[in-house]
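Shown next, in structure tokens, is the structure this report addresses.
Per-chain residue numbering starts at 1, and chain names A, B, C, D, E and F are given in the order in which the chains are listed.
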Amino acid sequence: MKKIEAVIKPFKLDDVKEALTGIGVIGMTVSEVRGFGRQKGHTELYRGGEYTVDFLPKIKVEVVVPDNLVSKVVDVVAGAAKTGNIGDGKIFVHPIETAVRIRTGERDEAAL
Amino acid sequence: MKKIEAVIKPFKLDDVKEALTGIGVIGMTVSEVRGFGRQKGHTELYRGGEYTVDFLPKIKVEVVVPDNLVSKVVDVVAGAAKTGNIGDGKIFVHPIETAVRIRTGERDEAAL
Amino acid sequence: MKKIEAVIKPFKLDDVKEALTGIGVIGMTVSEVRGFGRQKGHTELYRGGEYTVDFLPKIKVEVVVPDNLVSKVVDVVAGAAKTGNIGDGKIFVHPIETAVRIRTGERDEAAL
Amino acid sequence: MVIARGSTLTLAVFFFVLFVSAVGLGWAQQQAPAPSPAAAAQAPPAPKIDSGDTAWLLTSSALVLLMTAPGLALFYGGMVRPKNALATIMQSFIILALISVQWVLWGYSLAFGPDKGGVIGGLEWIGLRGVGLDPGPYSDTVPHQAFMVFQLMFAVITPALITGAFAERVKFSTFIVFTLAWATFVYDPLAHWVWGKGGWLGSLGALDFAGGTVVHISSGVSALAAALVVGRRKGYGHEPIRPHNLPLTVAGAALLWFGWFGFNAGSALTAGKLATSAFVVTNTAAASAALGWMFSEWAMRGKPTVLGAASGAVAGLVAIPPGSGYVTPLASIIIGAVAGFLCYNACNLKTKVGYDDSLDVVGVHGVGGTWGALATGLFATTAINPDGKNGLFAGEPSQMGAQIIAILASWVLAFLGTVIILKILDATMGLRVPDEDEVAGLDLSQHSENAYALEGPGYGITSGGAFAEAMKAQPKPTVPA
Amino acid sequence: MVIARGSTLTLAVFFFVLFVSAVGLGWAQQQAPAPSPAAAAQAPPAPKIDSGDTAWLLTSSALVLLMTAPGLALFYGGMVRPKNALATIMQSFIILALISVQWVLWGYSLAFGPDKGGVIGGLEWIGLRGVGLDPGPYSDTVPHQAFMVFQLMFAVITPALITGAFAERVKFSTFIVFTLAWATFVYDPLAHWVWGKGGWLGSLGALDFAGGTVVHISSGVSALAAALVVGRRKGYGHEPIRPHNLPLTVAGAALLWFGWFGFNAGSALTAGKLATSAFVVTNTAAASAALGWMFSEWAMRGKPTVLGAASGAVAGLVAIPPGSGYVTPLASIIIGAVAGFLCYNACNLKTKVGYDDSLDVVGVHGVGGTWGALATGLFATTAINPDGKNGLFAGEPSQMGAQIIAILASWVLAFLGTVIILKILDATMGLRVPDEDEVAGLDLSQHSENAYALEGPGYGITSGGAFAEAMKAQPKPTVPA
Amino acid sequence: MVIARGSTLTLAVFFFVLFVSAVGLGWAQQQAPAPSPAAAAQAPPAPKIDSGDTAWLLTSSALVLLMTAPGLALFYGGMVRPKNALATIMQSFIILALISVQWVLWGYSLAFGPDKGGVIGGLEWIGLRGVGLDPGPYSDTVPHQAFMVFQLMFAVITPALITGAFAERVKFSTFIVFTLAWATFVYDPLAHWVWGKGGWLGSLGALDFAGGTVVHISSGVSALAAALVVGRRKGYGHEPIRPHNLPLTVAGAALLWFGWFGFNAGSALTAGKLATSAFVVTNTAAASAALGWMFSEWAMRGKPTVLGAASGAVAGLVAIPPGSGYVTPLASIIIGAVAGFLCYNACNLKTKVGYDDSLDVVGVHGVGGTWGALATGLFATTAINPDGKNGLFAGEPSQMGAQIIAILASWVLAFLGTVIILKILDATMGLRVPDEDEVAGLDLSQHSENAYALEGPGYGITSGGAFAEAMKAQPKPTVPA
């Protein structure tokens, strides 16, 4: 099994979710993160002060899938999250050694 | 070393923490995530609109342990987090290559 | 490629970011987490109640780098995040099998 | 999680019929507003309305409304967990709506209408029949309806105070019926006993200038009954249950302080010496009690908390109303300081006894209200209010007797009334939400809402219903990065 | 994302010149405040100022200010997404600033100045020339300026209400020009028609005690026009767009309720019977409408929402002003309940029709205001206000005619006026922000601010500018853990 | 992080003894409230109390209370980082409590009591001895205590304003002692100089209608002294330090605006022409200054910020009080616009000079207050207030002299007084929290509380103490999913 971890633009979450469910992946875990990279930040003004913000809001999507689905999932996520503009984000693939479904104790691919 | 990553129901955090400290694991890192899976969401109403919410609040617990503790930790977490109802969550085991304690520079198992 | 994952004290984020950009790493993803470990928590009072808090706010920094940079990045992060006091946090190194830049479809080291 | 629409419809229809009948009853009367002979007899040739007094009484009425919403709504709303924030705020808000209608339809008549044997007002004033714009029996210089609407605001805040006791676990539909029943069977009679022309406690000579017994003892003691009957929140004592938004709570406390000037100084019904005196002692008692609570906690626990200071201010405001027309500023400092100390300790006691009065209504209103009623018997002086009475320290120990009778009577009526109503509702509608709804929170389970959506992304929320269908026909807009 | 400083400078200079000239115009006059002969003729030997009436009118003016900010600001601000929270709050806040100046400089003169043919006030009172501290033509017992400032607050809240329709997508600079134009070309004339001495709708006999046509119909209908001309928000109907902070919204609704006592009861301009009556029906209508909306939603959707109850209260408050000086408490219960039911359904309808009136200004103010104007024709009775008129149920069907003409006239003026102004602005300044600014949110793109920074770490925010340079010379402090 | 309970106990005991003695002093007197011969001489046969004036003064007193809490508490609380939100709110709230008691016990006597050589009031009125319910020496138509409580609210807000300068770093216990000392040794004398019967600045002819020197210059200049003595926050200039909740800040600014009507128009002490005039210029100055700041920032920085507009409104409100009883509406537009421009630039300057006045009290109150006192000398006209004076533009250049003397005297007293008090406290109790407490935040370190707990899970929070022990005996409830 692998974990596909994608850091995407927040408003793309819906598209990615639909794309994943579209290929039958019905489990995922997402969280709010801040990204720093090539994408330029913005400026904020508060009274006398001027602040440059270079961490931007991103969403991290984590989805664990059997090995045979990995490249398909990567492609589908990449496709759905793409705007073509800088800051679209990254996909990383991690090895996973075991998976357990807490409710049933099922293991590995049966647990997904 | 392995990282055990568990996605659980939020109100189970206390039980999982107690179970882990119970077997002598005294370090962990948790974060708020949203999960999408088989568990059904709910409906929200705002003026004319009706919204279906299918990402649910979950807690992710991450704990890095020496290899010999892995199966024990998995079992203990699975036991503590279980309600038997859908949506109880998953446990994933990741390989970890190095660990460092920032304060002392200790490495690997000494760092945990 | 490896993912270096560091759990640090929140006010050290700026230093870590500067240290990383200082050695030419210009991408990273951070998130808010809560840590439990040897560091003591604090007490809160609300009306009759007295609460002991033992999860403390931490920041998780994730940065994926080519293999040859790993030890340098670990050292730099450890150096920047260190105060010498308990609770400074941990660094964990994960293997990464694939990386993709969503915007261009570039793979692996080219994607970083 | 779905509340049966059937039973809800029944509820709605029930209220509709209730309203329509009371409206109908009063209608003809109002269309021909010449006072009925009975009413005319009660209201002799109208004295001249004073614009200053009327301005003050209307201002005060508005201030007392503000106490309930947003004052109390925020004070309580900030103290619960985020999953119940909105439901808690709603309880104060919707009581304002419910009682505003109940009072006009029948509440005012029961409380202040022509006396029936000292225990209740008659139904002669139902739907405000004969309650007109000339001065009425309760005031010479302001329209009768101004007095009515001022009293309405008291009838609103009292049940709202109780909601703190059973916060985070009660069914919304049951709560609504409880509120109406409690207002009708507990508040309205008690208000009559103390303030109604002919009410037995008032006739007895008990002093309650602005509602120590009627408002604070009655809500505090009903809170105790409710906490006992409803039972503890799930996880109480095991899980952390702490305030989710204390800035809102402090803002609410400050609004309560502000509004309380209307509560006490408005009770003078005129804008002159008495109102001024009540205003001053209100402020001083609140201030002194905030310090009293804070220093008690600081000395006993090692830290002065902000929630403590805010709670202390409220405790002082709770203790001063009965005496606010009868005591000196220096007496109010003592009354406040003692209130802060007492109520702080009462709240600590709760955790030892083990009942779950979520937001400490018993400790603050029950204890503070009782202390206030006693303190009035101690500190009252005709030097401040020639129409008042002297208390123990001004040489009249007998006043304490009247105060104690009033306290006991309020305790008994409030406790028994609340227990009976809740037991009946428990057996019929059910008091508490199902366990899983309590865990999910009342905001979602009772109202299908979330208090906050502070994060950017919608987390997979998708719109549904006819609207979403209609929109699907529309081209999806392209959104640049 | 950068707004060209050039065009902003132009804007600033434009306003500066505008202000300076009007200030200049009025200056000499005020320095020698003896009324000009014309003004003197309008204001015959000043009747005695009544301190109670003045106290009440000043209090009421302050209350109506509170309705706009923080009342409406929070009510609206809580309903948008977090990225637009501050920008939405800003629209109400800055309208308060803009119109406060506009009204003093020329707005009051246009609306209430010496009548020109029934359609507009003259410029005689520009810069408050001749609007002094003696009672004026609109009131006998309070200073003319007190009436002026009370009316100012109405002129402020009306355009602020409209902002709900185009929230989350309009350019700030355009919005400012729109507000000034709308106030000058729509609000001021309409206020003159209805309330100005000699205004044609008032002369016709249309009843509008406290602003049903002038405030609520005009804002609600302008909102419809604005929603149509401005177009939908990006993602409307596809993405979740839900309120981000409902506790603020409910607090705002409660403050609106509180302030509305000034709006309606202040409109009596005296503190006596009429103010009291208006106060009572205001409260009852709000309460009844909150229940009406809540029970409608409960019956039709299965859940009583908190946003629904708050919206219902506002709907009732919107419906009662025109009749608030003419109807009985029981009539106000009916007016409110119907308002709650109607406005709830109107808001549902919106999602079917497909225009994007972000915060339901049409459904609440357009529909509620129209119903209120009609209801006045139904329920008005001289039993309440001898200086008023009887409506249909009191035997005068003709009053309905006057009401309907007033409604139609307001609809037409507001709709056409708004469309014309917006079309001109669209062609010149542009109405909407660029797409990427809409996605990023107006807080950042229009104001370079974030509403919240609730998390601990600064997330890589670094200070810039001269300040940061200066600080770099300073030693960086060591921070212990 | 633990504050030694010993020293806290000492503090508590100290206050207790202080209160008890002052209460004791005044007690006998109040119980026999017939005015002492001396007081009787000061208060000749009581003129008739006017209900309208009293209603207005009580309303105004309540409004000024609202300015401090929740107004200023939210305005300031929203501007700090989340870890200090509650502690910042607390400072305003607890000052309300502290000064309310201090004023009754000795503050009012020092400020307004029988004059001693033009510099201070005597102790004759300690514990409100002889300050009764008949009109006093400062007003003919309202009870003396009404004047006293109105002035109390001014004494409350002034030190609360200063807290913005040293926010986020000062020890709570030291802050409390500072507040009492500052009120006693700086505020009370200055109030006497300007407003006390016989005070030397008032006798000199300096105009300060509602507190430009007494409130705003004194707080703004003390803020400068405090910022210099206390020193910068850790990380100032290196770390991002930005507002955490601007919706609260704007709501606070709006409440300040609302309450300021009481501050200025209440200072007329009657409800008539003068109050109306003050009301109108207050509103106009606030509006004009909001625009002045916003357009300045827009032109100079490219964006109009919401915090800027809110700050501008406050700047206008700060500038208008001294002139609010003497200037025309058009003058107030100019006073406001200049205030907005000046204060904006003063705040920018701060970052260049390098002192850390956390929330810009110097830039807003110091600069705005000074400008307002000068502007009064420029724009005052007897055309508005026959009992006032003419300023430069009305042909009396000499008035500027009196204004400048008053400004200088206030600057000197406030600056020196504050420096001396702080230096003494620094040497004895210590001014700042330890570094690690500053990093952790004052909410946790000073009060053991968190402002927010918006997330669902309790994050490992476990209850402790006797309560948790008691609960452990209870069966742990099973919680369904």
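Just so we're on the same page, a residue touches a chain if its C-beta (ideal position, glycine included) is under 8 Å from a C-beta of that chain, and two chains touch if they have at least 3 such contacts.
Not measured: the values here are computed from a predicted model.
**Q** Count of steps on the shortest touching-chain route from chain B to chain D?
**A** 1
**Q** State which chains count as neighbours of chain D and simultaneously of chain E.
**A** A, B, C, F
**Q** When chain A touches chain B, do the two copies use mostly the same residue numbers, with over half shared, or different ones?
**A** At the contact between chain A and chain B, which are copies of one sequence, the residues are largely different (under half shared).
**Q** How many Å are there between the centre of chain B and the centre of chain F, using C-alpha atoms for each centre?
**A** 50
**Q** Find the geometric centre of each of chain A and chain F from their Cα atoms only, then give the gap between the two centres in Å, rounded to an integer.
**A** Those two chain centres are 51 Å apart.
**Q** Between chain D and chain F, what's the gap in Å when you average each chain's C-alpha atoms?
**A** 31
**Q** For chain F, write out the residues touching at least two other chains, lowest number first.
**A** In chain F, 50-53, 55-56, 59, 235, 239-240, 242-243, 245, 271, 303, 305, 307, 351, 439, 447-450, 452, 454-456, 458-463, 465, 467, 479-481 touch at least two other chains.
**Q** Counting only residues that touch at least 2 other chains, which ones in chain C make the list?
**A** Answer for chain C, listing residues that touch two or more other chains: 11, 14, 17, 30-32, 34, 36, 44-46, 48-51, 55, 83, 85-88, 94-95.
**Q** Taking chains as nodes and touches as edges, what kind of graph is this: line, ring, star, complete or other?
**A** Drawn as a graph, the chains make a fully connected set, so complete.
**Q** So in the complex, the part of chain A that touches chain B is made up of which residues?
**A** Touching chain B: residues 3, 17, 26-31, 64, 94-103, 105, 111-112 of chain A.
**Q** If we count contacts the way the header does, which residues on chain A are in touch with chain F in the complex?
**A** The touching residues are 44-51.
**Q** Which residues of chain A touch chain E once you look at their complex with the stated criterion?
**A** Residue positions touching the partner: 11, 14, 34, 36, 41-46, 48-55.
**Q** Which chain F residues qualify as touching chain B in the complex?
**A** Residues 455-460, 462, 479-481 of chain F touch chain B in their complex.
**Q** State the interface residues of chain D toward chain B in the complex, per the touch definition above.
**A** Its residues touching chain B are 1, 235, 239, 439-440, 444, 447-450, 459-465, 467.
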